[in-house]
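Have a look at the structure below, then the notes.
Labels run A, B, C and D following the written order; every chain starts at residue 1.
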Amino acid sequence: MDFTFSEREEAFRKEIEDFVDKELPADWVEKNIYWPAGYGTLAQFEELSPQVEQFTRRLAEKGWLTISWPKEYGGAGLSYTEQAIFHERMSYYRAPAGEIATRIGGPTIMLFGNEEMKKEWLPRIARGEVRFWLAYSEPNAGSDLSSIQTRAIGDGDDLIINGQKIWGTAAHVSHYAWMAVRTNPTAPPHKGISLVIVDNAAPGVTIRPMMNICGFYSFSEVFFDNVRIPKRNVVGEMNKGWYYLMVALDFERLAIPIGGFRRTFEEIVQYARETKHNGQALSQEPLIRNRLANIAIQIEIAYMLFWQTAWMLDRSLVPNIEASLLKLFTTELSQKLANTGMQVMGHYGQLEGTSKWSSLYGRVCLGCLDCISALVGAGTSEIQRNIIAMRGLGLPPK
Amino acid sequence: MDLGLSEEQEMLKKSARDFLKRECPKQLVRQLDESQEGYSSELWRKMAELGWLGLVFPEKYGGSGRDFLDLAILLEEMGYNVVPGPFFSTVVLGGLTILTAGNEEQKMEFLPKIARGEMILTLALTEPSASYDAASVKTKAVNRDDKYGIRGTKLFVLNANVADYILCVARTKETKDPEDGITVFLVDARSPGLTCTLLKTLARDKQCEVVLDNVTVSERSVVGKRDEGWPMVKDILQKAAVAKCAEMVGGAQAALDMAVNYAKERVQFGRPIGSFQAIQHFCANMAMDVGGSRFVTYKAAWKVSEGLPAALDAAIAKAWVSEAYGRVALSAHQIFGAIGFTMDHDIHLYYRQAKAAEIVFGGADFHRAIVAHELGL
Amino acid sequence: MDFTFSEREEAFRKEIEDFVDKELPADWVEKNIYWPAGYGTLAQFEELSPQVEQFTRRLAEKGWLTISWPKEYGGAGLSYTEQAIFHERMSYYRAPAGEIATRIGGPTIMLFGNEEMKKEWLPRIARGEVRFWLAYSEPNAGSDLSSIQTRAIGDGDDLIINGQKIWGTAAHVSHYAWMAVRTNPTAPPHKGISLVIVDNAAPGVTIRPMMNICGFYSFSEVFFDNVRIPKRNVVGEMNKGWYYLMVALDFERLAIPIGGFRRTFEEIVQYARETKHNGQALSQEPLIRNRLANIAIQIEIAYMLFWQTAWMLDRSLVPNIEASLLKLFTTELSQKLANTGMQVMGHYGQLEGTSKWSSLYGRVCLGCLDCISALVGAGTSEIQRNIIAMRGLGLPPK
Amino acid sequence: MDLGLSEEQEMLKKSARDFLKRECPKQLVRQLDESQEGYSSELWRKMAELGWLGLVFPEKYGGSGRDFLDLAILLEEMGYNVVPGPFFSTVVLGGLTILTAGNEEQKMEFLPKIARGEMILTLALTEPSASYDAASVKTKAVNRDDKYGIRGTKLFVLNANVADYILCVARTKETKDPEDGITVFLVDARSPGLTCTLLKTLARDKQCEVVLDNVTVSERSVVGKRDEGWPMVKDILQKAAVAKCAEMVGGAQAALDMAVNYAKERVQFGRPIGSFQAIQHFCANMAMDVGGSRFVTYKAAWKVSEGLPAALDAAIAKAWVSEAYGRVALSAHQIFGAIGFTMDHDIHLYYRQAKAAEIVFGGADFHRAIVAHELGL
């Protein structure tokens, strides 16, 4: 065993840090209020757009926007451990580092798309020119995705789509829907689903952004009313969408904002050190020390699961249970971190960032809300536990 | 023992629930939360007409002569409906203090106006240290002739932005014992030198910074005894903690009811999600938290009502309910899933209140320390 | 509302205390190591038998052995609140206060037995002459009681029983099995069960006591090999056993060892006060204070649920959810109390009572084990949560 | 980074699991737990033959020259099989200390004997205060000529009842700094004045009271430097904590495996109980605890192995694994239900170990305090 990084990896980490130091706007730490594992403030990456645009362009130039892609498709061709190092550092600095197109769309197209589709989409994604949003969930298909009802019916060279999607993060600031549709209504639920790419600007697409409880338009209701798309926008084979969707889950294994946990924790620790009450720093109070230590320990555990996942992927091992544990653990940690932040900060934890009395730019206040999205987004913790029990431990479904 | 509500209490509870459902729909709650003032003068007037604002004042002060337990029951319903506004600060923090510690003149001046809905009050206790101990009171009131000049910064003052008068806790004497030398003043919110700035908070509950820059008040504005105000403040805090618990119990009950109803209706995987064991156990744990919270709260409220020593019971209630409401609200969010994460949904209104209520008047650790102390540890 | 007890109730409490003071052996506190809500050390009540016998006789003389029974059957005819006061005090002193015959058997016979059965059994039970054990569970019917397989087949005036029971507490020191048997194998599972009374001494009954992890013979495997019992030993009507069994659950509502929690907690607090480390009492340490306070709070909550249940029963209200919450809450509290005891006592918490270095007569050591039985006995916490969700909150079963 | 076991480690792990399954069935575990000695001399001999007892000693001392991480992997398997006996006290507490801090003469005398299975050791550190700080060492060793007379009471000394030598931590100098003036002695367990009494414990793990009534030892028995023994003790404690974590990870894995297997087989309500969501989530949480524990333990063990500063990692591991193992063992008990509450079942063996392991070498709060300190809080 060896828990150190290779020289090459250390150099890469340094390169990332230098890059971030140079490219990330100086006021980023104030402006960006992303809470680790939350979804509610993600859209902020888009709203701060000139800055994000420029940073994204620079990332694309480095090949880091598509860091997990092979070189032939414009990626960086790095090892999983290097990808993990990249994700760790970028999330530590709360920097934008790709989205659905780069993380899910591109890799899926690489695996299952035909040559035409690869040529059409991969270079544009790699250059950061197109952004996808994830059009999976529907009002009656949340945890139970296989029951989606949005239909796509063939019409010559086209498909005509009718239905409604919901919860796709940042739909209103993206270009295309990466979308699951039902293409065979008579087949069993899992066998009649296809993956398609739909232009947000296509006639019949109506995007109605919804405000989330953090105050951001992070997700939308999107209506599809006789939306026509060319059949060449079907990803891979018709009716194999469910399988592609399951495979794509694996692409997200390292997209855990692990560094964000450490960073936010460090900020809270700093607060506890600097805040005195009756002459004694908060960090000297035994209960606060105990709770902060408990968070530190859990962050370390999350890191271990994170590196372990990367290490397994590099060795072509399947980190099924490890990746689920990592997801479940960080999801709950997001909430514990917010809670502990609130315990440390007390009344101050409640203040929004705009107040002159607020500390840590109001992160903990917003984090208290955003951590809820971690618990309910991208497969609830309950679903994660089901997966661990059934896939990981082999417990019977019935 | 009698653990039931009296007929009068049942009526109060029922009429409050009906009235609030009708007059304070969530649409209004949301609107008030997002407003600057944070309350509706129309609703306020109606609450006065119903006798809520003077509920606990004797009739001679324009009240209905009901007791603290009745007030707790009313607050439970207000919590059930997450009613925004300065009711808590006016009646609990302001009115009860004047009723308990004010002189006859002050009672005659303030209580009827409160009861009629003509006066909004609040208490300015906490300062930038954000703590509830006497040593944290640094705001100074300096005596000159028969006047005082008050100087200091009060923080997290509830509803000060709309208050007519602010009960201001200040230090009038420096001694070794931080509990000695504290005086409470009734300060006109429009006094020269007083500035109030609204803070934006998680619960959108209109907490304010109140800066007192040599605000002049007269001797007449002293509530209770000069220099001996701390026991009074402790008494307010105790009552406020219990009253807040009542509000929280109502909120937790509402969150449970909402989640259970949703779990019965929402279908996934071909069955109501409430038929999944994981959701059932979530709900059972929520029911446990609500059921566990209610009677420790009632007991503390009853003790306050009866004028019995309530320090232990108040601390038990606040320590437990603070955390229980938060657990319930978070579990409700988990049951609602993504839909509950939208601003248009109601459940976050409860979660926000739970978070704010957890902290105000001392969090769970603060009150567990009191429990330990009261147990002689 | 009124949280005080009436004068009559206060006098009754005093009477109980005087009685316990006089009748309970002086060394009881050392000898009895019962852990609140545990089942593992219950059999100790029987093993200390001469003392227990005498105390039980005295209880019977007062009518307190059957405190919940109406006067006409030799009970005390008290209110539920008075019963609750009795249970609270008796459990505080960890005193024996009845068992299956007095708590379940007698009340069921009163409600459903015919006159002959009442005459035969009730006086003997009230005098403390007969002890029952609960013969419900079978190796393949634990949580799922309706699937019991032990058969009783009519043969003239008799029934002939074949099968196996398990987990009946104190079977080997009781006189009769209070037993659920299948009398109609073709009916739906719930509709073919009868309740019968079986003499432990009947030919064909083999009792094999099993040692539990606390080191006591608290439960047994009991084999029934062509055991013949008279039909008059069937309680109430044939095939209505499941219903009687469900009704009997309600008799247990106040049989919560609520006082035991307070007593044990007081002992741990006393330990924390008296034990000094580097000159400072353990009770001065903030983490220990926080944890002890947390337990104190939960004990108070349990008390509130307890009094509330009694109060509702006195008003003929049905404390369905309250009683389940009380059970669930005390069950988990049993384990938290043991954990906190261990945290306070550290190394000393691990010592068995026989050691010269042990404190609190080794209670916490044994409690750590016995609290497990609270979690798994008499309907697991999982089953309690199911009940709360479905009966209490009306959530759908499917 | 390399988070996998080497081929040699895999072999060690596999052969240990096979050997222990064969040679140390639960029947034997139970028997040894209930015995006075708490170990089997036959099993001990076989473990010596396998090279386990000298695993981490250099070859010149009769060992196999493997490292601490290898030892951790072996301990994980011993924990998986809840192997009773003085392996931990002899190898970790005794052998490693002599290896690290002993002089050449001591190494030559003791290590080969340990490796051959001819000598059992232990460490006598804790006293009636049951704490792991230097101030708690009250046992005095008084120097007379070139001898010391040791007087004091050591408590919770593991396996002292069968030990040949006891590493005894004593105070040889009184200064203001409690960490100054501590010396470690190798005491012959058969010395006049030394009495050992077995304590009956939850884990049945043969902890002893060791009373030293003016036990005489020579200058030669000092391990390390006189008066400067505390850093050495801290080092032992750190290694012991990490080694104990390895044992716990193995135990937790076993409890998880047992519970999962049972959940797959046990049928209630017409289906395997493992198909119920409540049981599935129990198991998922257990898997979380096991998975979370393993690599923080390995990391700490690797740091110890590499001679890197390991204070933070050791404390992280011990703080977390202590509680995680307890949760896992308790959950396993809940899954097994009544059958698991019988003495004949195996699961309680794990629960008992979990409870003992939680406390020994400092509990979770103790180690969280170290974590806080190491983080600069």
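Convention: contacts are C-beta pairs under 8 Å (C-beta built on N, C-alpha and C of every residue); 3 or more make two chains touch, one makes a residue touch a chain.
Quick caveat, the model's predicted, so the values are computed rather than measured.
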{"item": "Other chains in touch with both chain A and chain D", "value": "B, C"}
{"item": "Interface with more contacting C-beta pairs, comparing A-C to B-C", "value": "B-C"}
{"item": "Approximate Å spacing (C-alpha centroids) for the pair chain A, chain C", "value": "52"}
{"item": "Where chain B and chain C are represented by their mean Cα positions, the distance between them in whole Å", "value": "42"}
{"item": "Inter-chain centre distance, chain A versus chain B - centres from mean C-alpha coordinates, in Å", "value": "39"}
{"item": "Touching two or more other chains - residue numbers and ranges from chain D", "value": "276-279, 281, 365"}
{"item": "Multi-partner residues of chain A (each touching 2 or more other chains)", "value": "286-287, 290, 382, 385"}
{"item": "Chain A-touching residues of chain D, taken from the complex the two chains share", "value": "1-6, 69, 260, 263-264, 271-272, 274-275, 277, 279-281, 283-285, 287-288, 291-293, 295-296, 298-299, 302-303, 313, 316, 319-320, 365, 368-369, 371-372, 375-377"}
{"item": "Chain B-touching residues of chain C, taken from the complex the two chains share", "value": "1-6, 9, 81, 269, 272-273, 283-284, 286, 289-290, 292-294, 296-298, 300-301, 304-305, 307-308, 311-312, 315, 321-322, 325, 328-329, 382, 384-386, 388-390, 392-398"}
{"item": "Touch list for chain C against partner chain A, complex", "value": "285-287, 290"}
{"item": "Chain D-touching residues of chain B, taken from the complex the two chains share", "value": "276-278, 281"}
{"item": "Residue numbers on chain C that touch chain D, as the complex places them", "value": "40, 137, 140, 142-144, 147, 166-167, 210-213, 215, 219, 277-278, 287, 335, 342-343, 346-352, 354-355, 357, 365, 368-369, 372-373, 375-377, 380-382, 385"}
